[in-house]
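Each in C-alpha cells, the structures are laid out below.
Each of the next two complexes has chain A plus one more chain, namely chain B in the first and chain C in the second.
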Partner chain A sequence: MTASRAFWPFVLRWGSVIGVLIIVEILVRYNILNQYVLPRPSEILGSLGRLVTEENVLGYFAITMLEVGVAAIGLIAIGIPFGIFLAYRHDFRHAWRDWIAGLAAAPVVLMYPLFLVVFGRGPMTITMIALVTGLPPVILNAMQGVNGTREVLLNVGRSFNLSSQQQFWKIVLPSALPQIFLGLRLGLIYTMITVVAVEYLITLGGLGQLVGELAERYDLAATYAAVCFVVGVSILFFVFLEWVERWLRLSA
Partner chain B sequence: MTTTGRENVLTVSDVSKTFDTPEGPLHAVEGMSFTVQRGEFVSVIGPSGCGKSTLFSMIGGLEAATSGEVVIGNDRVSAPHPAISMVFQEESTFPWRTVSDNVAFPLEVAGVPKAERLQQADHFTRLVGLKGFEKRYPGELSGGMKQRVSIARALASEPKLLLMDEPFAALDEQTRLLLGDKVLQIQRDLEQTILLITHNITEAVQLSDRIVVMSYRPGRMKREIVIDLPRPRTSEIVSSDAFGRYVAMIWNDLREEATRGMQDAEGDA
Partner chain C sequence: MAQTIGLTKAQPPRTGRVAVIRVATVVILLVVWEMIARSGLLYEDVVPTLFAIAGGIVQTLADPAFWQHLQYTAMELTISLCLGGGLGILAGIVIGTNPLIGRAFEPLLYYLGPTPKIIFFPLLIMWFGIGQASKAAMGTISAFFPVALSVAAGLREIDPVLIKVGRSFRASPLQMTLKIYFPAMREPLVNGLRLAFGVSVIGVLLAETKFARHGLGFMVTQFYQQFDMPALYGLVVIIFGFAIAVNWLIGRFSRAV
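Entry: the complex of A and B
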C-alpha cells in the first residue's frame, strides 16, 4: 500500500516532465515551434556535457554558490533571530512588520545601480542585493512561526515548570520550525533568483553571466542547458533543506 | 488529616477570580472551597461559562487567584507545582516527538538519563494501552489515542494530583466511555488522586467518588454529591438504576444554571 502510494506520485512527477520534453521535441522537429527560439530538448541535454568541458560551468557554479551561500548565512544569522526578536517584542513588531512586508513586495533588484555605487562592481554587491531580497520572507515567517505556537503547548511546558529557555528550545522552536523553514525556502528562492539575475544584468560572476554570454553568442542549446543546470541546482538545494528541517525537528 | 483518616492532597479555600473587562469586573469564580483526599476521584461539574477552566488554571498554578488559596500537600500554589500534572482539553501532544518521547518529556526536563526515562515512558505507554505505538508520531494516532498519550505524559512525572480539564470533550461518546474505563483502571492500579473538570454528567458519575456542582457565573459551589456506586467500576455502570438516579439528580441542579447560561449567551448575541 505504502509502496504504491509512493510509486504513482514518482511516476507522475518524472512522467510529466518526460512527457512535456517529448511533446516539445516533436513540435520543434516538425517546425511547429521555431528551432531558432527553442532548440530541441535532446539538443539541450546534449549540450550539458559541453557546458562542463568547454564552458567551465562548474567554475561559474562555484561563484554563484559562494554568493548564494554567503547570502544564505546572512538570512539564517540575521533573518531568523530578527524574526524571533520581533515575535517576542510586540512594540517593535507593530512598528516594523508592515515595512518588512512592503520590502518583500518591492523589486529590490531594480536598485542594483545604488548597490553598485555603495559596494562596488563585485560579488559583494550581488550578495547584498540577494540578502536584502531574501530577508523579508525569512523574518516574517520566523515571526509568525514563533507567534503561532499553540497556547496549549506553552501551557504544557509551564505545567512542567520549564524555564523560559527550556520553553523556547523544547517547545517554541520545534513548533515554529516548519514555518521558519518555509520562510527560509522562500528567502533562498528569492536569493538564488536575484543572484543569477544580477550576475546576468551586470555580467559579473557565475551562472547568470554564463547564461548571458551564451545568449550573446546565440548558442541557444547551451543557454537553455545552463538554465536547466540552475533549475537542477535549485531543486537539489531545496531537497537538502527539507532533509535539514526533518533532522532538526527530530533532534528537538 | 480528615475525618475519613485520609490525607488531604488538595485544599481549595474560598478561591475567587475576577477579570477586568471593558464592561467592568467579571466575577468568574467566587468563594470556591473543597478538598480532594489521597486516592480520591473528584469531579467539578458545571455549565459552560461557569468558570471551570479558570478554576483549573488556578489549581494548576497557571493563573493567580484574586483571593483565597489553593494548597497542595503543605504548599500554597502560586505557580505550576511539581506535585500537580495537568491534562488539557485541547489536544496537546508534541507533533514532532514520538509517543515514547512525548511521554518521557517531563522526565527529560527533570534530567532523568535517557535509558531510564525511555524505560519509564514505556511503562506508562503500556499503562494507557498504547503498547506497540511507542515509535509512532501523534499525527498517526486517533484523537482518543492522543489524549491517552497526554495522560501517560502527565502520569510519567508521578504527580500527587492528576488534574484534567475536560480531556475527552472532543471525543465521540463511545470512545469517551471506553477511555473512562481506562482512566478508572489507571486510578485503581496507581491509587492516583484525580480531579476532573467536566461539563459531562455521565462522565462525572461514571468516574467519580464525589462531584462538586458549580453554579453559572459567578462560579460558586452549589452542591457536593458523594457517588456511592460500587468499585471497581466500568462503563457498564451507566445502565444501572442508581447511575440514572445520580445523573437525574445532577441534571436537576444543572438545568437551572445551564438555562441561565444559555439566556446570557442569547442576550450577548
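Entry: the complex of A and C
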C-alpha cells in the first residue's frame, strides 16, 4: 500500500520532468525556441562533463564549501553559546529577542558593498556576510531549545542534587540538541545561499564566480550546466542536513 | 540551581530592566561606532561618524533621483509579488487540493525553495534583457516558492467538514476557492506573502546591484563605486527601514482581516 502510494507520485514527478526536457529538446531542435537563449537539454547534459574536465568545477565547489565551513564554525562558536546565554538570562532575552528576529528578516546580504569596503575583496568578506546572515536562526533556536527543556527533566536533575553545570551538560544540552541542530540547519542553508550569491555578485570565490564567468563568456550550455550543478549541490546539502537532523532527533 | 530556574518559562520580563538593557545596548553600540569612526584605526570614511551617516540619510532622501530609483524598485517588487504570489497561490491550490499532484510535486518545490535564486539571474538576463523585466522575473521566482508552499500546507490544514459542506452545496471550483479555501487559508497565505516580500526584496535588489541602470540596488552600487560611504550607509539604513516597515504593515493587515 505504502509502496503504491509512493510509486505513482514518483512516476508523475520524474515523468513530468523528463517530458518537459524532451519537449524543450524538440522545440529548440526545430528552432521554435531560440537556441541562443535556451540550449538543448542534451547539450547542457554534455557540458556537465566539460565543467569537470575544463572548468575545474570541483575546485570551485571546494572553495564554496570551505567558505561555508568557516562560516559554520563561526555559527557554532558564536551562535549557539549566545543563544544559550539568552536562554539563561531572561531579561537580555526579552530585550534582544525581537531585534535578532528582525535581523533574520532584514536584507542583510544587500550590505555586501559595505563588507567589501571593511574586509576587502576576498574570501573574508564572503565568509563574514554569510556568518551574519546565518546567525539569527542559530541563536533563536538554541535559545528556544534550552528554554524548552521539560520541567520534569529539570526536576529529575534537582532530585539527584546535580550542580548547575551537571544539570546543563547532562540534561539541558542533550534535550536542546535537536532544536539547536534545527537552527544550525537553517543557519547553514542561509549561509550557503549567501556564499553562492555574494560569490556571483562580486565574481570571486567558488561556484558563484564560475556561473558569473561562464555567463560573461556567453558559454550558454556551460552556464546552464553550472546553474544546474549549483542547484544540485544546494539540494544535496539540504538533504544531508535534514538527514543529520533526523538522525540527531532519533538518537536524542 | 538559580540558573536552571532561569530556564522556566513562567518568569515574566522585568519591564524596567528590559528597557534599561535596550537603551544601554543602543547607546553602547552608537558610542563604540563613533569611537571606531574617530579612532583612525580603519581607513578614513570606511566607518563614517554617526553625524555623517545622518547627513547621508538626509542627503539621499532629499535627492529626487532617490525617489525615481525607489519607483523603479517598487514597480519591480509589485510585479514580482503579483506574478510570483499569484502563480504561487495557483500552484499551492493545485498541490494542496490534489493528493497525487501534491505528493508528486511538493518535494520538488520543497527542495528547490532554499536554493540560491540569484544564480538564475544570468539566465534571466538572457531571457529578459538587462531592463526591469529581468529584475521582476528574479523577484517572481523568489516570491513563488514561499507562497506556493504556505498555501499548499494551509489548504491541507482546512477542516474537512468545511470542504464537505462546500461540495454538498455543489459549489464550483471557483466558488470553493473564494468561499472555502481563501477564508480558511488566510493566515498561511499572509505568512507566505510576508516571506515572499522579504525574499523578493533581496532578489530584486541583488539583481539591481549586478546589472541595472535604475533602482535602489543600482544606487547602492553607484555609491560604492564613488566611495560615498555616508550615502551608502544612509541608503542601507533607508532600505532596511523600508523593508521592516512594509513587513510590519503586512503583519498588521493580517491581524486586521
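One rule holds in what follows: the second predicted complex is superposed on the first by the 180 of 252 C-alpha atoms of A that agree within 3 Å, B and C clash if a C-alpha of one lies under 4 Å from a C-alpha of the other, contacts with A are read in each partner's own complex, and residues count from 1 in each chain.
By definition in this document, a residue touches a chain if its C-beta (ideal position, glycine included) is under 8 Å from a C-beta of that chain, and two chains touch if they have at least 3 such contacts.
This is a predicted model, so every value here is computed, not measured.
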| item | value |
| --- | --- |
| Chain B versus chain C as contact partner of A:Asn147, first or second or both or neither | second |
| Superposed model, chain A: greater residue contact from chain B or chain C | C |
| Partner chain(s) touched by A:Val68 [first = chain B, second = chain C, both, neither] | neither |
| Chain B versus chain C as contact partner of A:Arg158, first or second or both or neither | both |
| First (chain B), second (chain C), both or neither touched by A:Lys170 | first |
| Contacts of A:Phe92 with chain B and chain C, given as first, second, both or neither | second |
| First, second, both or neither for A:Tyr200, with chain B first and chain C second | second |
| Contact residues of chain A, present in both the chain B and the chain C interface | 158 |
| Interfacial residue positions of chain A with respect to chain B in the complex | 150, 152-153, 155-156, 158-162, 166, 170-171, 174-175, 177, 249-250, 252 |
| Chain C partner contacts - residues on chain A that touch it in the complex | 5-6, 8-10, 12-13, 16-17, 37-38, 87-92, 94-96, 102, 105-107, 109-114, 116-118, 146-147, 149, 151, 154, 157-158, 164, 167-168, 172, 189, 192-194, 196-197, 200-201, 208, 211-212, 214-215, 220, 223-224, 227, 230-231, 234-235, 238-239 |
| Touching residues (chain side chain B, partner chain A) in the complex | 60-62, 79-80, 82, 84-86, 88, 90-92, 94, 96-97, 105-106, 109, 153, 157 |
| Residues of chain C defined as touching chain A within the complex | 1-4, 6-9, 11, 13-14, 17-19, 21-22, 25, 42, 46-47, 100-101, 103-105, 107-108, 111-112, 114-116, 118-123, 125-127, 198, 201-202, 205-206, 209-210, 217, 220-221, 223-224, 227, 229, 232-233, 236, 239-240, 243-244, 247 |
